[in-house]
Amino acid sequence: MTTELETGLPSIRQIQTLTRDGTEVELKLSTNDLLTGKIRWQDQYCLCIIDHYDQPTIVWRQAIVYLKPKA
Amino acid sequence: MTTELETGLPSIRQIQTLTRDGTEVELKLSTNDLLTGKIRWQDQYCLCIIDHYDQPTIVWRQAIVYLKPKA
Amino acid sequence: MTTELETGLPSIRQIQTLTRDGTEVELKLSTNDLLTGKIRWQDQYCLCIIDHYDQPTIVWRQAIVYLKPKA
Amino acid sequence: MTTELETGLPSIRQIQTLTRDGTEVELKLSTNDLLTGKIRWQDQYCLCIIDHYDQPTIVWRQAIVYLKPKA
Amino acid sequence: MTTELETGLPSIRQIQTLTRDGTEVELKLSTNDLLTGKIRWQDQYCLCIIDHYDQPTIVWRQAIVYLKPKA
Amino acid sequence: MTTELETGLPSIRQIQTLTRDGTEVELKLSTNDLLTGKIRWQDQYCLCIIDHYDQPTIVWRQAIVYLKPKA
């Protein structure tokens, strides 16, 4: 019994696109940390970011301040 | 199945107006960052801000402290 | 379809009174910012504060720490 | 149509007792501010604190870290 | 009409055990404060900690980062 | 009457896998603390981390910024 992601929302869809395209993103967190990597998956609570060494980091949505494609 | 934005609320409507008019806004974030740009869209979780180089930043509402038209 | 403000609650009513009376208030925010101005409107998510130059600032409730009439 | 405070909960009841007894309390806030005063009322979203000059401050629950009777 | 604590959850049960056993705990808070004491009660919103002078502090769950038995 | 963990979600499942495998993880918290240890259990509100001395720490999910397997 799993709540579905609201895939009609622009924010969810853009993260889906960034995931599918393997776009490198910057993620600013509430602690002021800035993570860089590719998004592997998202669910209601978290996003998973893969860094250059292919290491995963599970980031809680509640701690995300902003996300943008790396320039 | 998407929850609708409550477009009857002043805060949602004013952001709609600022988006449509392409007004430049300042967005103060919980990390003390101050973003400047135009609002491209809003949904329940996020606002998308476009900077002077036309780069998008997806900002989580949970991290927004205040928003005002740039003076 | 808009959720109504719970106007039976003291906090909502006192903000209504401060708004109607045009009382100058201080708003302490989670970033430690202190905003001063008059309240123009409130909804479920935000308060709008007007400063001395008649400029509006939309403040998210989630970021409000306290509010008091300016001494 | 107002949601009732859950007066069966210890936290709500103890704040009711402190309010009725006019006990002076210390309120530690997420910004590290420490407010001192008597509680005038509580609702679901806020507590109202009265300081020594009889000035009210409306404090959002979301910003409260702890509360204790002043030693 | 009071929402019950979900006593089937490990986190609720372990706090019940620590309360019953009078175990001294450390509570790290979002402001970086570290409280030490025994847990007197918990409800949905708060935990009550008693310090060495038998003074109670009502701590909001929203501000708790972690809790551990004092070493 | 206990709300079930949504075990269909990637974030819940990956934490289940890390728990079962006894993988050492790093947990970054909103206070900027970095905890290291093995996950003993998770529920809706908390994760329990066991350190090298076999001491448990109950961490509130609300305070988690990110989690990753220790490199």
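Here the chain labels run A, B, C, D, E and F in written order, and each chain numbers its own residues starting at 1.
Note that in this section a contact is a pair of C-beta atoms (placed from the backbone, for glycine too) under 8 Å apart; a residue touches a chain by one contact, two chains touch by 3 or more.
Predicted model, so just to flag it, every value in this text is computed and none were measured.
Common neighbours of chain C and chain E under the contact definition above: D. With steps allowed only between chains in touch, the distance from chain A over to chain E comes to 2.
Looking at the partners of chain E and chain F together, they share no chain.
Rotation angle, chain B onto chain C, C-alpha superposition: 60 degrees, expressed as a multiple of 5.
Distance from the centre of chain B peaks at E, each centre being the average of the chain's Cα atoms. Interface chain A/chain B: under half of the residue numbers present appear on both copies, so the contact uses mostly different residues.
Rounded to whole angstrom units, the spacing between the C-alpha centres of chain B and chain E is 38.
If you average the CA atoms of chain D and of chain F, the two centres end up 33 Å from each other. Centre-to-centre separation between chain C and chain D, using Cα means, comes to 19 Å. Contact with two or more other chains is made by residues 30, 62 of chain E. All the chains close into one ring, and from chain A toward chain B their sequence is A, B, C, D, E, F.
Interface of chain B with chain A (complex): residues 1-3, 29-31, 33, 35, 41, 43-46, 48, 53, 55-60, 62-63.
Taken in their complex, chain E has these residues touching chain F: 4, 6, 8-12, 14-15, 28, 30, 32, 61-62, 64-69, 71.
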